[in-house]
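Here is the structure we will look at, set down as structure tokens.
Labels run A, B, C and D following the written order; every chain starts at residue 1.
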Amino acid sequence: MIKVGVVGGTGYTGVELLRLLLRHPNATVTVITSRGEAGRRLDHLFPSLLGACELAFTDPADADFSACDVVFFATPHNVAMREVPALLDRGIRVIDLSADFRLNNVALWEQWYGETHAAPALCDEAVYGLPELHRDAIRDARLVACPGCYPTAVQLGFLPLLEAGVVDSAQLIASCGSGISGAGRQAKLGSLLTEAGESVSAYSVAGHRHLPEIEQGLAVMTDLPVQLTFVPHLIPMSRGIHATLFAPLVEKKSDLQGLFEARYADEPCVQVLPTGMHPATRNVRGANTCQLSVAQPQGRDTVVVMSVIDNLVKGAAGQAVQVMNLMFQLAETNGLDDIALAP
Amino acid sequence: MIKVGVVGGTGYTGVELLRLLLRHPNATVTVITSRGEAGRRLDHLFPSLLGACELAFTDPADADFSACDVVFFATPHNVAMREVPALLDRGIRVIDLSADFRLNNVALWEQWYGETHAAPALCDEAVYGLPELHRDAIRDARLVACPGCYPTAVQLGFLPLLEAGVVDSAQLIASCGSGISGAGRQAKLGSLLTEAGESVSAYSVAGHRHLPEIEQGLAVMTDLPVQLTFVPHLIPMSRGIHATLFAPLVEKKSDLQGLFEARYADEPCVQVLPTGMHPATRNVRGANTCQLSVAQPQGRDTVVVMSVIDNLVKGAAGQAVQVMNLMFQLAETNGLDDIALAP
Amino acid sequence: MIKVGVVGGTGYTGVELLRLLLRHPNATVTVITSRGEAGRRLDHLFPSLLGACELAFTDPADADFSACDVVFFATPHNVAMREVPALLDRGIRVIDLSADFRLNNVALWEQWYGETHAAPALCDEAVYGLPELHRDAIRDARLVACPGCYPTAVQLGFLPLLEAGVVDSAQLIASCGSGISGAGRQAKLGSLLTEAGESVSAYSVAGHRHLPEIEQGLAVMTDLPVQLTFVPHLIPMSRGIHATLFAPLVEKKSDLQGLFEARYADEPCVQVLPTGMHPATRNVRGANTCQLSVAQPQGRDTVVVMSVIDNLVKGAAGQAVQVMNLMFQLAETNGLDDIALAP
Amino acid sequence: MIKVGVVGGTGYTGVELLRLLLRHPNATVTVITSRGEAGRRLDHLFPSLLGACELAFTDPADADFSACDVVFFATPHNVAMREVPALLDRGIRVIDLSADFRLNNVALWEQWYGETHAAPALCDEAVYGLPELHRDAIRDARLVACPGCYPTAVQLGFLPLLEAGVVDSAQLIASCGSGISGAGRQAKLGSLLTEAGESVSAYSVAGHRHLPEIEQGLAVMTDLPVQLTFVPHLIPMSRGIHATLFAPLVEKKSDLQGLFEARYADEPCVQVLPTGMHPATRNVRGANTCQLSVAQPQGRDTVVVMSVIDNLVKGAAGQAVQVMNLMFQLAETNGLDDIALAP
């Protein structure tokens, strides 16, 4: 059994990680920390865990990770970068679900996050935890930076097109929508049911922190320049990311459906829908799956890709467990066989 | 492996049963029928099943259940009662999720369902599939009638009070709410998001078919006369039943919290919340669990019980799997270890 | 034109009051205060008001109400009781939407609100602003305490039964549900879409502050002792109150439908639905209307009443405008002719 | 008073039209037809109309429109084109909310709607009812074809850019989302709360009937070729359209905010938000308003416009009333002063 520690288990990413790890056949959670909830039983904070867990939160100051094989960070950004170096020094591997190590370019990180990076030397070592692109590097990594939710959906959608060089990578557009859990388990006015319910709106159009992460990831797939217009929207639902991607075709005769099916034929967590079907976030709710469709409306020169994930699973906690499975030489989908909860 | 057949897999109860059975460690689904969808792959109708199942629907006329150990009926009422006798005759056990065998009193059934019962002789043999009350009888049953969703939530809520004789069983009130999946996967005007969303209303106040079923079940728990006022409501959500139960206390000094905790101490699928917590349907979404609280507001003479289940799981498909586990001498919660999906 | 001041316009009750007053043919809003938003234009905080209003919030310290005919308080409790006396002294009438003057019994108020009342002498003078019960007193009042949302729905539902003496007033039950706007426009964890959405739960079962207010109101309708068991629930929607009321019939042959229709025949804001129809909150969304049904399930001894309002309109701002109309000798429904927004 | 007839009043567009017309100061509804509901009172079908209307539906065969000044068609396509010619012949003006007369090109209409047009001669005469583009023509029209919901939001968003010639009209993209009321008040599986709730998905990506209508409308704004990629999505809410529009800038130094503000300075039903604000559908719910924002993310070459309307109001019934006001020389916003219902 892999001994697991979790730093920060009181957010939605944290409780989702617990949902997956508590039932994982090869892992056992031994420590979980929270500054605000230290001493409280997890199942009293999250009654969905009743019967599945008798742990209580530990104060970070008292947490002893020395017996852990791996520590997950399910914290806001700016925490992991301060604590990870000491863990690595003690030989403990780290899977970071936050944004601290997602950008290799430290200057870019500091520009978008508005502060000095506390562990710049690790930014380059950290492996970007998208198994569909970096599976081998993840296996050997000491430190994995798990992708954000929008970046996962967008990168998996553009991947076959960019690798095959059939679209103009300098004119990419991503119009995306996220459920409200993407805003975290925090008391924010804009996340109230009375504010976010029964409404749609774009946000952060001037610049969202996932933009540089996505552009960095897309640049791995092609030698040509990459430029993306990224508009995220709030959707009145709890979970789910829907990415609608647009790109001008530069090579028009491609069998786009075949291209996608071939690229993902061996990927256990990516499913290309039959032609004519449209992915819906409900069909991946709770599952570590990305479902994709590709279309070329009216036979014109713009390709459209639709990509859906559950932001808390394939966009966060599930992907982190998939990464852990790879790091510890387990079958990649161990503990990730949930079928989506629909309706 | 238990060989399982499913009659009628295109409703919400059916797809939920498949979600559970396809991952069950001791069962394998071999036949699934649908008149309307014969020949179609399940995962094309329900893309949430993509990657989990390669079965297609069989026309009922062509279905061969002879190799099955058990057949589930996930049909509207009026189907099972016509087909069950032949299956039982061939030694195949049956778990019926419909209403056909829930009432022992054939005349009462015919009055509420407005038609002649096709297999009256089986009404008395059929075991009522509420494990918390009829565990032993279920183990040996040929035919189990699984309880309805409201009846499960209401009976589990009143059970400790009636068994202990601390309330007046002739003045019971159940004010309940159900998610819209309770109305089935059928194109009904009243189930549209635009009709049922952002609204609450009561329905069937003059008489709901679950009333006689609940009263029959409550009468098992006490020798005194039982009378229930039952008002169901539509709640703007997909899944979940919330039952709020009221009863006049006849014995006032009871330790109600202790009474509930003692009654359910050994029940794997019922959880009594600590004093002061209120159950929420979100905390059992997707899980085969009933969560309960009991209160005595203002210390007055009316006891209030709150009981929540997922109508599709503990109120239907999950309970049916729990019943199957009992019938085949498996651990009662095999394949039912899902942690609720919250948020 | 009536010159209107508003204290506290940044909550949901406040913005709803503005929605109604800005289009009222006989009123003009001249001052609106907010400590936190002083100087900000209302339509920048609430873009729904764009084009309808050019006012900005005034700091309470700078607010001059001397030209106002009436001042509305749309504040949390504990504000009005400190500021109302000075306004009354200057001859300005007050309509208080908060809880400060709803209870005549000062000791009871102090017990439920946990603090000393700042204007106990006014508690007895304040008229309870339910026009269906206190129309004449409202016309002449200096200070009106508008009812809470649950109290409005529950009192209007029980009123015909208690006035006619056909139920046992000592065994009343109210099982109610409220949309999340009832929790106010405040960043609370429990009001997040991810917490309150797709779920139902009861709350404050041990004691909700509307209980003493309702019991006080019901006691006006009968000489017999009144006792109510009141269980409120959170419903996953923005607006609406649904009250399901239960009472034991003491006089069984009543024509309950006729009783309700007669009682409300001349009430412009209460509608009794035809027999067999169930009220739904969607049908009163945005309207200053209470819709009611009465039933006697199975012909047994328990009467069931269903009562719906929009908590922000007939449960708050609309009722306050109805009160203003009465106080200023206008037609009672002036400015209140909105038809409900359905769907 | 304008005497109004309504053909087809049982859909969402119909009931919304009634909500507006029943309170319109210059109009009176005299006849309303429905094949299926003939003889039934409107307020029994739509209890939101209780107290506002005593009309009953008339069978179309019995309907006498001879006293009407104008007849609205709130029918599915394929009805108006059969009935309009006779009305026009009798001097009755017609406002058609359906798609029958939206395309001037009869061949294009027949291609997209898959049938022969019954009144091709009128396709050219019909005025396209977007007041912001065709105000004068509407004033004099006998027959107005009201725009679809997506076309209204998309055209108003692109209008300033195309008129000013600052974008490449051959590379336009519209990623739009609609509330479920856009699918009509019909019992469709895909519109169930359990199917459409808590999920997002694109639909009709291969070709939606609003595409030719939008392209026809955009072509009016520019002499250059127009080509649009249009992807509609279902959003889990009742009302609202959100259009996110993308276009390559060909002239980069434009003051885009100023361009939009200038274009719409005198439009009573279009509001350009201050820089940095994002429109949300909730802020126009129930109002006959389009709210817009424009942005140029990262200062790059793609302009992004966000445009929101209530699909049932500015996208259908409200716009039809605005058209009626113009046709009858009334103030353009008479009866359209509703402030949006938020929350």
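Couple of notes before you dig in:
Basically, contacts are C-beta pairs under 8 Å (C-beta built on N, C-alpha and C of every residue); 3 or more make two chains touch, one makes a residue touch a chain.
Fair warning: this is a prediction, and the values are worked out from it, not measured in the lab.
Farthest from chain A, judged by the mean position of CA atoms in each chain, is C. By count of C-beta pairs in contact, A-B exceeds the other of the chain pairs A-B and A-C.
Mean C-alpha positions place chain A and chain B at a centre distance of 36 Å.
Centre-to-centre, using mean CA coordinates, chain A is 45 Å away from chain C.
Counting only residues that touch two or more partner chains, chain C has 12, 179, 181, 185, 194-195, 197-198, 236-239, 279-280, 282-283, 285, 343. Residue ranges of chain A in contact with chain B, taken from their complex: 12, 15, 19, 22-23, 44, 46-52, 181, 185, 197-198, 238-239, 268, 271, 273-274, 277, 279-280, 282-287, 289, 291, 337-343. By the touch criterion stated above, chain A contacts chain C in their complex at residues 12, 179-181, 185-189, 191-198, 236-238. On chain A, the positions that touch chain D within their shared complex are 171, 173, 175, 177, 179, 194-195, 197-203, 205-207, 211, 227, 229-231, 233, 235-240, 242, 244, 246, 248, 276, 278-283, 285, 293, 295, 297-298, 300, 302, 304, 306, 308, 343.
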